[in-house]
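Input: structures, listed below.
In what follows, chain A forms one complex with chain B and a second complex with chain C.
The block that comes next holds the complex of A and B.
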């Protein structure tokens, strides 16, 4: 499998999952080996879910959107907006590419046409949320150097705490990312993002659930510590490996109401 | 009564001293509680609708304080790699400051661009362009987006601004220091200008502190010199000074006990009290030295002194208090405190002069050298001359006075109202320079906020926002306006192949919501934070006004209010607030307060005169010169171009309260001289005897006020200048006009 997404960057529709059978290694792994395993975890071939995106401002006011999302492997995704009522029927399609910027389209029924949206800015925010496109994925295993800081238990999960520092000439918003990797399944359950001045900028936390043989996120929270704004993604009615067809990830499917 | 008082003080001097000192210690212990008020909006009464609307606005959108950092220079545009790199670096550093919520700058504002294939939303200056071509492209992009011209980039491209929104609980002092450090690191050849309320606030409160530290010692030195020149004795110099300092300590201490603050204007209360209050001690000492010449016994001399001097000193004190008390009807808390505490301070310094000073004098030996034999000086000759000629020319004197008043009365119409705290500083100050650059090249720095409540995503409300923005932009003084409607229109246009005909609010609610959804696909979650709250129930239009006169601002604000009432649907509540509205409200309050305090102080002073002399006519005569002095004062302000502002609103109260003393002196003497039979006219005799003390007194009070000329605040300098001038005018007026008028009164 391609060396991509060395660990789960769950967000919106990223249903990262884990290899079902937890690899309980007898021998002691090196940090790089841990990250290797995170990167090559087995994920569902496809996935369907209802997703709720809550944008929460610093006073706790919530703005919600609900959508139905379909996803294939890690690089194709289509979603239809269900709520609020005035955006119902709008849809979004995203195709990731290994070697160039993602392709993204938006369909707005009130305006008729399917529009392409530019995405070359990695630091751009995804759908007005606290997740940037960079947070959504595409971090390559070889772009970072890793260091095991300590081992720590979060909730009931024993984790490795691993620091990732981008190598020179890697374009990124962050100077450092610290990840808590659940030992049982090589899955990140919390991440801290540090800006170039060394300040902790954002914190991501992931609640997971078991669907079939995979571990998938049930709730992903990203909090911006500076603006005190946060985004929660809640996943529900998840089904995996349903045999989605490739052709639904196409602009011609966007105008259909699901 | 005066004799009893004298006996009481002179028989128990130590008790009097101990009580005075104890009282001072108790009151002055509050000094440690006194703070400098840093927030100038605290000057604005809390019940004012615009202030309440601002609180509401801040509740919804967070603190509305912004710092404006403007970078650029006259010689070239910002479109070169060096300047762009500096803008990028400065923006990033400011954004990273812990006190800053968010910034609006070329690095953060987004270009909404329609492409053949769709739509692109990217910050203008995400990376510093490396080639000339890229720089040209950036320039082209920026100027295509008219929303931001004047706001973050000047139309001539010479200046760029970073608008930094400050967190509500931020330490403005620290923030100012941090930004100054950033500024010094990258300044030149580009200039960097700082302004915005948090900066103004910091500079104001720094200046308040500097003023307090500088002016109080200075006025003490001036008073010491005056006292020494008058009496040439140590006790004669120190006693009035100590007694007035005791009252200053007690006054400030009481303010501290009551948790009051020093602001602009009331930071000079100690200076004013020293200038006004030292006169009472001078009276007492002068009379004592005079009596020492007549009697051998110290105690006898003191008894006579107290008997003779207590009534005039109390009268002088009471009228001065009346002037200050007139301010407690003012609708501005600063002015109320200024008036109330100074009245209290005057009362104390009056009491200390009549009790503490004589008690101390009893205990001290008689000074070896008192005032030398009076020499016939130039002044005496002049006064003698005036005394003999005044009767002859009395009609002319009165006519000249009336003419003067009439001429200056026209100046009153030219008086300019100015409430903007930036005018506290001189034209050369950094703040004013920054303000000029922003006025000339950018939209301005005075905000007007219109708060809309309702379904902000509905086309109706957005259309109303748009209407009001179009209305506001018709004023040349309105630099720019922005709201959620601005973005909705722009996206709608982009969605219709950039056709300008579609730069309107779409007709359906769905279209609005979907246009915003499109924006949010690339925007950040806080992009609209300042325009609409998360529930989309409250939205605001922000307009930036150039820094023009308060009157112009008041005009625009009133017109906007009218437009909202007449043209907008009444189902959408709109509230107006922001700094511009404050300025308008303040202007109204200051005028009301000014008119009220003049009427009240004149009435009070007239009543005191009427009761004292038991003559309605004398009451009128005593107050007429003051009314003239007040008219001349405002006329002069109009002619010279001194603004009526919160600080200068106290001038008339000081003039009326302190200026009446000279009328009283003269009238008392005149009544005394009337009893005597002499060949010369009592008016001439009064001028000759009382003329010198009146002029000396006026000069010493004037010198005390002239110290204010060294203040860091322009209006305070004006107070110093105008009150000093008025004191001398009142003294001269009492010796000429009043004298001439009194001569008409039969026995």
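The block that comes next holds the complex of A and C.
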């Protein structure tokens, strides 16, 4: 009898817990909560990759750059240019901060010294690509207000379509950004960037791949609709959680010979 | 001779196969530059036809050791002469907190654009002031260490070798000054090769909020000689007797950051010469040089930067002494003899990949009323290949350095292929 009661109790308890989980799954997230989850989703502690950056003009002509990049979460990134020969040895460092704009430096061997990229210059194109320095930086959750526009499917991915409008004191080149957030993993798979006049300026699409337990980009395409120019960033030889050391993300590493 | 032996050793080290090192790599890269120049007032069809091959050998031994050598081969197509030299050849050792660089090297200090009062660790070859600054710099044997602690970097430099700025000959069209009756300067008396004659420097760098700061100190030789004049009883005039070098100490500081949407920087250097009291007419008085600058990007592609430079000579009793102290040869640390000047650079990139550039660079000598303008167009029809066409225009009062170069207006073409 005791065993029977115990079994019923356990079964009820199990149903209760399952019910709780079910309620939680069905709970409708607010837009802010979705963006919070995007911001805190699990990403590699660090990542090393080789990158190929193809600059494609409206006639389809391509110029390619090759880079090696190291990242520490979303906060720190260092990149060395390997090709073509006239930019080889150049490097880029970005350090993100919670309470202020990102710090960015560029090293050009011809000058022999590392130069800080001033905040205003972040609207400039990164090495001739369609990415600006701002695009390479980390958007801070608190700097924007969010609005859920609709739900849509891209390929086989069910997405929330969320509009991000920068708060007044935020320095940015964009009036708003519309992001397609993949519901399964809180990952942006497409973004539209609108200029200060409200015109759609650029579209970014992100192909993702699974590396170990993480979803990471395999290809990022940024298309400038006005110039009909686009840049494709292709990731290769990706390694994650390699135990990269913090000190690599320092201006002194930008000038090293590797 | 010592230098040749040293360079041979350093270069050999770059090629030695290290059996115990797993990841040993070699790489040869560089560029080939053809430079053609025609002076406005010249009777010749071409005034410079120079081919420069820059070869750079890079070698790494594992993750901690690397070697780099930079060699220049220069062929003068008009004089049919050639020259080759190593600008740099050094070994790097990297560790978590300490980086060491030993060998012939160029060290760049300062955060300003082109005008860098603190950038005195390497002399420059000033025989052609229109040459790129990174080529003008003369590499010197040095030991450099970078010690990283917390968020600071302490750079320490020891230079056993001293070399002075290489000035244009007195009869050259780029001569900064003339001495009546002299077509060539006598050889200066260099300091003896002794331990106490070596030079050393320190720099502490740090980033606070959105600003990079550094303070620096240098104890070494003034890399411009001081002329000693004597009275000639026959001609009843002062005449050049000899050229000597004096010790100097430099206390420097610089910063770079931004205020709202304007990038700002500054660089300051106080030179404490041997004549701290300003009493010896044959030794320079202490002086201060500073430059402040700002840049701004208009729209997406037009960048502009302006700078203001000034030099103050301290301990000056009267105008006569001030004039003599401001003599052109006194301080060339920034590469060009100026006391008060402003510079402007406007640049616009264009093309599908921002691969082309049009630029205007100008110097205005506020004190002596002269100016230099350099408009240029750089196009890159293919990756790693660029064509630069430009002009250099000098104008101003004959007393000013740019007025002195008034006959040197030029048009030039540079083709650069990188590999």
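We take it that the second predicted complex is superposed on the first by the 183 of 258 C-alpha atoms of A that agree within 3 Å, B and C clash if a C-alpha of one lies under 4 Å from a C-alpha of the other, contacts with A are read in each partner's own complex, and residues count from 1 in each chain.
Operating definition for what follows: a residue touches a chain if its C-beta (ideal position, glycine included) is under 8 Å from a C-beta of that chain, and two chains touch if they have at least 3 such contacts.
What you are looking at is a predicted structure, and each value in this text was computed from that prediction instead of being measured.
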{"item": "Contacts of A:103 with chain B and chain C, given as first, second, both or neither", "value": "second"}
{"item": "First (chain B), second (chain C), both or neither touched by A:252", "value": "second"}
{"item": "Which of chain B and chain C A:168 touches, first, second, both or neither", "value": "neither"}
{"item": "Partner chain(s) touched by A:237 [first = chain B, second = chain C, both, neither]", "value": "neither"}
{"item": "Which of chain B and chain C A:55 touches, first, second, both or neither", "value": "both"}
{"item": "Which of chain B and chain C A:86 touches, first, second, both or neither", "value": "both"}
{"item": "Chain B versus chain C as contact partner of A:199, first or second or both or neither", "value": "first"}
{"item": "Chain B and chain C footprints on chain A, overlapping residues", "value": "55, 57-58, 61, 63, 84, 86, 110-111, 115-116, 118-121, 123-125, 128-129, 227, 229"}
{"item": "Partner chain C, residues of chain A touching it in the complex", "value": "55, 57-58, 61, 63-64, 84-86, 88, 100-101, 103, 110-113, 115-116, 118-121, 123-125, 128-129, 171, 227, 229, 245, 247, 250-252, 256-258"}
{"item": "Contacting residues of chain B [partner chain A, same complex]", "value": "62, 96, 101-102, 115, 117-123, 126, 457, 495, 506, 508-515, 517-527, 529, 533-536"}
{"item": "Partner chain B, residues of chain A touching it in the complex", "value": "55-59, 61-63, 81, 84, 86-87, 90, 92, 104-106, 108-111, 115-121, 123-130, 195, 197, 199, 224, 227, 229, 231"}
{"item": "Chain A-facing residues of chain C, complex", "value": "29, 31, 58, 60, 66-68, 92, 94, 96-97, 99, 106, 108-111, 132, 134, 146, 148, 153, 207, 209-210, 212, 256-258, 260-264, 295-297, 300-301, 303, 349, 352-355, 380, 383-386, 416, 418-419"}
